[in-house]
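Below: a set of structures, written as structure tokens.
Both complexes below contain chain A, partnered by chain B and then by chain C.
Then we have the complex of A and B:
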């Protein structure tokens, strides 16, 4: 049984979705069961993580067809870590959804779809087959289309159209890239492709294919210049939905980039240069974009783009330290971005708006909640010893070692601009004198909520803040983990052997 | 909406014929064109035709439960057929399990058949839910 342990997170999410669908109209049951299932999945993810940590990369050949012909599921440290992070974010958002998502939306199957989305994310992280990765991406985007349109408000649909168009485009490019790759090598198994691609003599064709992958994943990850859909759509759906989108969806794109560019298209100077240029432009444009925004969620959306740049820069530099930095940043970013979108939800419920000009006085009226919110905000900036600080050391160190001074400059510029933005946000939203806003009728203000309801807002934020604090104060552990992941990624022979020489 | 007596009479005969045909397509699908997806579509066509001729309410009475219920049911059957090798024989997920002795008419029965039955139910449920929702709101 334990040899298939790595598939259990998928089984669990699938089972949760099915059971939730049986209780389609019983909303109370769905809320309780979703939270319960998410707690189970965190426990399971920890078990899987510990197992991989102690026993190294594990594989399962689905359907008992030998690699490279069947679909392989592979869990190395990177996959196991991301599955764990998905489970933690999933738990937080599940609790937050139970408190914040309106009944009308829950009635249309919000929770089953939410768990399908988590299933898709887990699948994407665990698969070792590039076409299967595409299928998991489809599961993710179909679930996310439902989540982004559920409720059917006008602004939501407008955002959804942009989201839909560009993501479908990305999927088509991704599929084309797979087709070309299959045409060149005749294989779809990523470990097998690693060996096959290295032997192809027509390097130009390989580079073009790699570029197609870069564009396809780049749209999903939200890199320059393909990010316009992201700030146009992430501020429209319910807060819980944008939390899971902001935390995890773009990161799947980053994960796919890391996987493909460390396993299949390895360390090509031409590609590395392109990735580096993209990273620099992403860092700068995302940061500048965030400066001029007024809506809280739009600010955070642009910051997602800006910070994707760090991870892309890590891939572009392609040294072990740089990749360790990128992975560390990925770990930090998933938790903190999920948290920030939930924070904007809490702020919205307190004041009834998300416009920074109109907000103010939250620190005076809600000191404890403000202190709690302080943690994710300043973790994002990376004031030492909070979590955003440590990965940047790796990245900057790698930048100096590789003499990529422009990249180092961009990284420092982006950190600085993030600091400016968060300081401005803190001053506007929390410190500025309270502004009398017209009271909205039929609006569930935070003050009027019962304690249980308030807890559903505060507990997930607190949960993720604790994780962020751990990443910051226990940076040594995370650094050790990132270094090990980077080692596995750069010396990918271990991964290839695990897939191709399996006993079962 | 007025419907002709020809359609009404024909639909009553066509319903069972189409359902049997859909099951035939479902079973045929392992080696030949067909399978759960097409079978499910044909089965849903049978019910849609019935609802055109006799009205939505009549069809709903015929179905007893809401077609939406078929979604989790079908998913559960497919999912369990994939889990069976894991739970029973400790083989990887979705490994095909086959009975040793062929059964009359059906031939060898394997876990793939149950997977297809699940797909059949899901497709049927989705199609009917969509069509019913559209006709109700129209």
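Then we have the complex of A and C:
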């Protein structure tokens, strides 16, 4: 029963989306069932998380084909944490979708595809096979293509063409990397590859393969100079879709980078230098990019890029404390970025626009909601004791220990620029005097909504804010968790033993 | 044979990237298709080509007695072909739809998403 426990999150998401398909045109049923299913998946994810926490890394060999020959599913602490975070963000976005996504979109299978996306995410986090990871990536991107185009507005389709092209290109590069990797080692199992790669004589070829992986995952994660598709597309789909994309899709790229560069291509000075330079440039260019934007969602898109830099920097420094910082940041970032895009959705509903120039006066008219929104915004900046502050301590500490002063400088610069951006945003959107905008006809303003509808907007934001507050105030627990994850990642023998069953 | 395939893969990657860099959306799709085929052939090539030796154990034996073709790359290619087929058909529909809405085939004119709004 518990043997296959780690696969249950996959089965559950799949079952939800299949059941939802049977109610294709019954929107009310879809809304209720999607939220209900998401609550179930949070509960299940907690069970899985606790099980892994108490019993260590678990593996399932598909079809009982022993690793390295079959496909292995592995749940270590990192995977279990990410599955839990996916479930939490999924629940919030599911409630938010029920409130905010238009009927016309829901009628074309929004919810089933949404749960397929979550299935793909869970799969990518749980697999232990590099080609299987590619397949999960494809499930993720094909669901995300549908979600980004659903509705078919002009801006959406233009954004989708860019999003689509760059993601396909990333997948092709990833596939090429797998081909070369298989050519030099003859294996696809990540734990097995760890040993095989170490024995390869031709280090140059190994480094080129690693670079191919870096480019492929880098496009998906949105690192400098590969991020231009991200701000061109993330502000076009419905707000709920932006939320799940902003919170989770780029983070899958980061997860894959963490996995590949801590397990397969381990601690190579040349690669670490490149990753570090990329991280510094990402931090700076994302921050500066966000500074000049006017559309709320574009500001947040550039902030995603900027903050990816923190995690990449953690991988580049490659010490236990740096990885702990990167993982802590990942945990904080998934929750906060999902929340921010939902916040922009709430603001849009209140005023009918997302342009910072036209917005204003929300604090005067909606003080309670503004105070709620204050939490994710300033968690992002990392004003202590809110959640963005703690991982940076780890990263800066690791930077000083490794004498990477430029990285430390970039990290501090990026936090400072985030503060400037969020302070400007707060002043423009919430504090500035209210501007009379022409009322839009056929637009469901927040004021005119029923209480139940309003709750569908506010509850998910509140839910994720509470999680953010917990990450901030309960930082000790998260720190303990990230330290344990970092320990597992740096001393990867435990993972390898668990998969290949070499211990006994 | 290997040299020929290697050249083929190189040409497919080259033309694929070239086509993707053109401004037309139709050429973009052609580029994606060529690139996908290049990647598939690359897997095939790097899985070592063994001629005329299917991985089937003869009836009177329990193990392989001589060199055999590796079946894994072929399974990988099959999976990759199916996936890229799905993605390509989606791409064609997307481009057709984008063409009807935006009324252009030129990627340079699709700049509404970069406008300041």
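Quick note on the criterion: the second predicted complex is superposed on the first by the 501 of 504 C-alpha atoms of A that agree within 3 Å, B and C clash if a C-alpha of one lies under 4 Å from a C-alpha of the other, contacts with A are read in each partner's own complex, and residues count from 1 in each chain.
Definition applied: a residue touches a chain if its C-beta (ideal position, glycine included) is under 8 Å from a C-beta of that chain, and two chains touch if they have at least 3 such contacts.
Predicted model, so just to flag it, every value in this text is computed and none were measured.
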Practice item. Could you tell me if A:182 is touching chain B, chain C, both of them or neither one (first, second, both, neither)? Key: second
Review point. Is A:15 in contact with chain B, with chain C, with both, or with neither (first, second, both, neither)?
Key: first
Review point. Is A:158 in contact with chain B, with chain C, with both, or with neither (first, second, both, neither)?
Key: second
Exercise for review: Answer with first, second, both or neither: which of chain B and chain C does A:61 touch in the superposed model?
Suggested key: first
Exercise for review: Using the superposition described at the top, determine whether chain B or chain C touches more residues of chain A.
Suggested key: C
Review point. When the two structures are overlaid on chain A, which partner does A:4 contact: first (chain B), second (chain C), both, or neither?
Key: first
Review point. So, does A:29 touch the first partner chain B, the second partner chain C, both, or neither?
Key: neither
Review point. If you stack the two complexes on chain A, which partner ends up touching A:108: first (chain B), second (chain C), both, or neither?
Key: neither
Study note, to complete from the structure: Interface residues of chain A shared by chain B and chain C, listed none
Check your understanding: Across the complex, what residues on chain A touch chain C?
Key -> 131, 134-135, 138, 141-142, 145, 149, 152-155, 157-162, 164-165, 168-169, 171-172, 175-176, 178-180, 182-183, 186, 188, 232-233, 235-236, 294-295, 354-355
Study note, to complete from the structure: Counting only contacts in the complex, chain C reaches chain A at residues 20, 25, 28, 32, 35-36, 39, 42-43, 45-48, 70, 72-73, 76, 79-80, 83, 86-87, 90-91, 94-95, 97-98, 101-102, 107, 110-114, 116-117
Practice item. Spell out the part of chain A that touches chain B in their complex, as residue ranges. Key: 1, 3-4, 7, 11, 14-15, 17-19, 21-22, 24, 60-64, 504
Revision key, fill the gap. So, in the complex, the side of chain B touching chain A is made of residues 68, 71-72, 75-76, 79, 83, 85-86, 90-96
